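Quick one: this structure, given as structure tokens, is what I'll be asking you about.
Chains here go by letter, A, B, C and D, matching the order in which they are written, and residues are numbered from 1 within each.
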């Protein structure tokens, strides 16, 4: 079949099936297609005609910062897992293995950008200065949204998979409108706001949800300043990525006509470069970008999960060999950008963070259901008021009973 | 930017925006990209390395049949529109302009294939031997599904846009399972069933719904024998295709790794060839295909619609010049495959069809709400029984009242 | 005072909103040049431009979802869902996201999205175009649901919905779009609170509670009952969530009998909630059980039999007879 | 008779179905090698293979939608929705397609799809993992909804659901998955009809109607009430659509008082339907209004306060006191 007749795929329609099979198989291990990589698993730097430029902007301090961030969030992850084991948290969602994808992308964002995470983006939270103790509230069962997104432009975690993706596009449509208003204001001699974009995270599993599609349709239609960041960590709980797609997820962008880039998600430098490029692209009004960060969830899906049910430990071992921290450490040491003292300092800082998190978790306030009554609506609501009144009376009854019981056992009860 | 680094799109990430803009603009008129065409608007045949072979299989009778089908369904469309104007139908959804897309694809299907239409596929219905009078039941308001899909393997119309697409994939998954059972049966020396596939229709507007995406994900994941047939008729009621996508819709297949083909939807020979190829592909276990038939809705969205509110009549005129019937007529005449007598005969047959439809529409039974009570559940249901009993008593009350009134006016009422 | 239809009143209400509130915008399928399939947004894109009146891709989850995002950025989107039966692709965004955002953010975030849904039957239409799914939203905390029955209410309620900091669903009684009435565009008057029920007609023997499309039906039934010597009080609920139980209970304490009618199927409908709560609040006043009049437990039937399905004057009178028979 | 948990009973029921019915199959997220997040499908993929136990892409609309297609081709799919709060992306397919297919085809087509949904709270979980959305499905005609409260029912009801030619949603009380009980795998006995309510405890002073997770709570409340000298009848509804009103009405005619409890929010919940219909059927027998006990009108709250939200023994006793006070 002539290639001219299948403009819609790069596959030859007749032979494509065998190729597709082969490719799909290949992807289950290492990615078959090209992938942006600027730092190999052994710490050797790579080169790229476009993204090397972004990597070159990074000075030693920035690079050390990446390492410190990744080490901090890994230490935090271990501490949270421990807290869950001790019953201090109801559940924990570990990120180990995905530090580069999260720190690299988060550090590429600007304060004026707005970020929609899913529920595993603790590393991104760190880059947005979210108090990590606040982040644990949700997992301790004392809050559904532990922090105020207005403080950090880091939205709450969303547990309904992919539901945040259209929010991100809508937010970006709001930025577009704000920019028009700002342009008018600037004409009226005010300082213009810095241009902003939206960065939205979702997983390889979530990519199958219809909301991701509708978001991409809207984003493309309105040329919205949004970067879709898909962390392909190879698993959706027990389901491998091959069930969601038979070709790299970055290809999804082809259906909508905006760039899709697959990047080595364990290479913090490449992730940072690609995300910085994509956010600039979006902020400049050039439209959406899809980034697929090819990475791996080294631990369990959550502390309630048991990966031995569905995958080989050999696979985990293969990916541990591509560890994002180790490769950056190798690079920093090889280039003489960091010494033992630095790594020692990072370790100490990690321990301090862990201690802080442990303490603040123990101290987290116990919530009151009255808060839930108060926050269901912004404005007054008669049904909520009625139910709250009932609850108060009902609770007071128990208090009275308790008092009475106490009085009886105290012997102070009036007969 | 090196093309190697953006495997996920064929666009150069940095320059893509201008190109995208230009391409999108171009697509609003004629398609910019290549498109399968075997019969030009002026009736001159085209050639194609793959699909010409399929066209060559068509003998004169088949081609005349295509013409007769297209003429019949256009005549039917006019009659239904007239019936709506006369108040015999509540609503009509005209297909004029899309005859080639529908007859070409419908005629490419085999009896064992199962077809899921949306709500405008009257031409496909014709190719499946659906009684066109039965088809009008829905639009007369006497039935939600005028025919039994089991008789024709042509499913009911679905009005919730895109909702039928996952049904199609599920049905195809059923075919896969049946084929395994059949293979076992064949081994046990029974005649094997002919291989089957599913053909599912949806519009350019519906393509934005999440269900289309989830369907393509499932179809690709299970390599299901399903052909997605998108009739891009340029409009979703008043919204142009450019709001749904900025590049050809056939590109959507690229995101899932199966072939996507754009075909001239006003060229019945090309549509037939491409669909035949795609259905064979699916039946042979090679997986799904997306076909985008590039066509135009020449009339209103429905008889309730007023296209002058949203588009120029010049656009309609431009598309009338690409009329699917005229171009086939030109070709048949030029090649000496049909003469005046044939076209006269087609006209007479059309008038007969119109007369039949008119008569059967007048005669269509008036439904009874008791049918709705009966068909809500397959098995007995106490609430339905209770409500039906109430309804019978209530209705009987009116009958009694009417009888009493009658008796009074007759003077036969007992005091 | 101006006379206009409900459709026109909503159009004017939206025009007023777009004029007064620079961060409000409209979104939906075909609401631009076409002006919506019911012409409710007619002329607005010409006046306010495509950034304020947005023809969206055909995807309801995308419409609600992006509206939530716009609201998070400080905008006040008014989404049109083309027909009642087509809200369901957006159900997840409404139920799990829109309704809960304020609560789950501990009050830090507000998402004042308005969703307009033409609803109800009686227009001889095809499948999915005649449904009354209000109960499926009323059960979810965090949403408010209102439904106007006349042009004056329609004009003001749409604006009040946008002003409200909670998400509001406005169910518009589509078969009454062409119902004409007086609108006072200068002042809402008694329509100042969209969440309050209105006693439209006073009576002493029984109370009929209705909303939206059935309001004229109930008033006609009350007229017919009056001829038979029964004095019927008619209440237009106006707000389905919250429900103004004070007004309803007060009426029932006076009349002793309650009929609730809606087009939605009786089983699991909002009539059950009203019956249950009023029975609790006015137990000793009730001379008869609350009688519900509603759709049957079946998908909305085909147009040619919808008259048998829809609560009409006779069905309300039959219920009244049953209530009076106790 | 064998002793097993509810989770195990469903697992055994599914195993029996897969063995007996070659056209049945299971579909869902993580139901394969993992055996489902609650291990309800544990071991089944090993026994029946990946064509019968299908790990699907992560897309609920796709799961329900393809199940409908499989049913149209003559298969009987059993879909697992991972948690109550995640059914909403599939709501459109359930409400507009699955429920209506038989009706809209004039009875020509059947779609015997089963949807399993673990539901309810009390497990200290995070958001969206503790909800009780049954009322949002009960309002839609064409669906049937059942919920087992013990292993014997669970074993049989899941099989009966697959056998039923109508679509059936099975709400599984997730906090009772580990509740043990006797299962007679040889015969359903009194559990032969999944749509019939069971009187679990007889009484004379009041009736308590519950289902699913609250059944043990109601039984415990009845025990406590007995100590105070009140004789309480406890009914396990078992089927939420249809509701076995005959059994409930008969009981209320005897006891004169009814309390309905469910975890779902009271407002717009199925308790309203029960209160309304029983009030109509047993008006003269009711000594008190039907008292409903349910969740508050708020999104399901965070784990640390769910005890304040969930109906428990004390809440049922308080309702009983109120009913007895009339």
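The criterion applied here is as follows: a contact is a pair of C-beta atoms (placed from the backbone, for glycine too) under 8 Å apart; a residue touches a chain by one contact, two chains touch by 3 or more.
Everything numeric here is computed off the predicted structure, so don't read it as measured data.
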Original post:
Which chain has its C-alpha centre farthest away from the C-alpha centre of chain C?
Top reply: A
Original post:
If you tally contacts for every chain pair, which pair is highest?
Top reply: A-B
Subject >> Mean-CA-position distance for chain B and chain A (Å) >> reply: 42
Original post:
With chain centres defined as C-alpha means, what is the inter-centre distance between chain A and chain D in Å?
Top reply: 35
Original post:
Touching two or more other chains, which residues of chain D qualify?
Top reply: 56-57, 59, 61-62, 85, 88-89, 92, 96, 100, 103-104, 127-128, 141-142, 241, 267, 296-299
Original post:
Which positions in chain B touch two or more other chains at once?
Top reply: 143-144, 160, 208-211, 214, 217, 221, 243-244, 372, 376, 381, 383-384
**OP:** Give every residue of chain B touching chain A within the complex, in rising order.
**Re:** 1-2, 4-11, 13-14, 16-17, 20, 23-24, 33-36, 48-51, 208-214, 217, 220-221, 243-248, 250-262, 277, 281, 286-287, 289-290, 292
Original post:
Considering the complex alone, what residue numbers of chain C touch chain B?
Top reply: 29-30, 32-35, 37, 55-62, 85-86, 88-89, 124-128, 266-267, 296-299, 301-305, 308-309, 314-315, 318
Subject >> For the chain A and chain D complex, residues of the former touching the latter >> reply: 90-91, 138-144, 159-161, 205-211, 236-239, 243-244, 304, 306, 309-310, 366-369, 372-373, 376, 381, 383-384, 387, 391, 394, 397-398
Original post:
Once bound in the complex, which stretches of chain C touch chain A?
Top reply: 25, 51, 56-57, 59, 61-62, 64-75, 77, 89, 92-93, 96-97, 100, 102-110, 112, 141-142, 144, 164-166, 195, 241-246
Subject >> Complex contact set, residues of chain B against chain D >> reply: 114, 143-145, 148-150, 155-156, 158, 160, 163, 165-175, 177-178, 180, 210-211, 214-215, 217-218, 221, 371-372, 374-379, 381-384
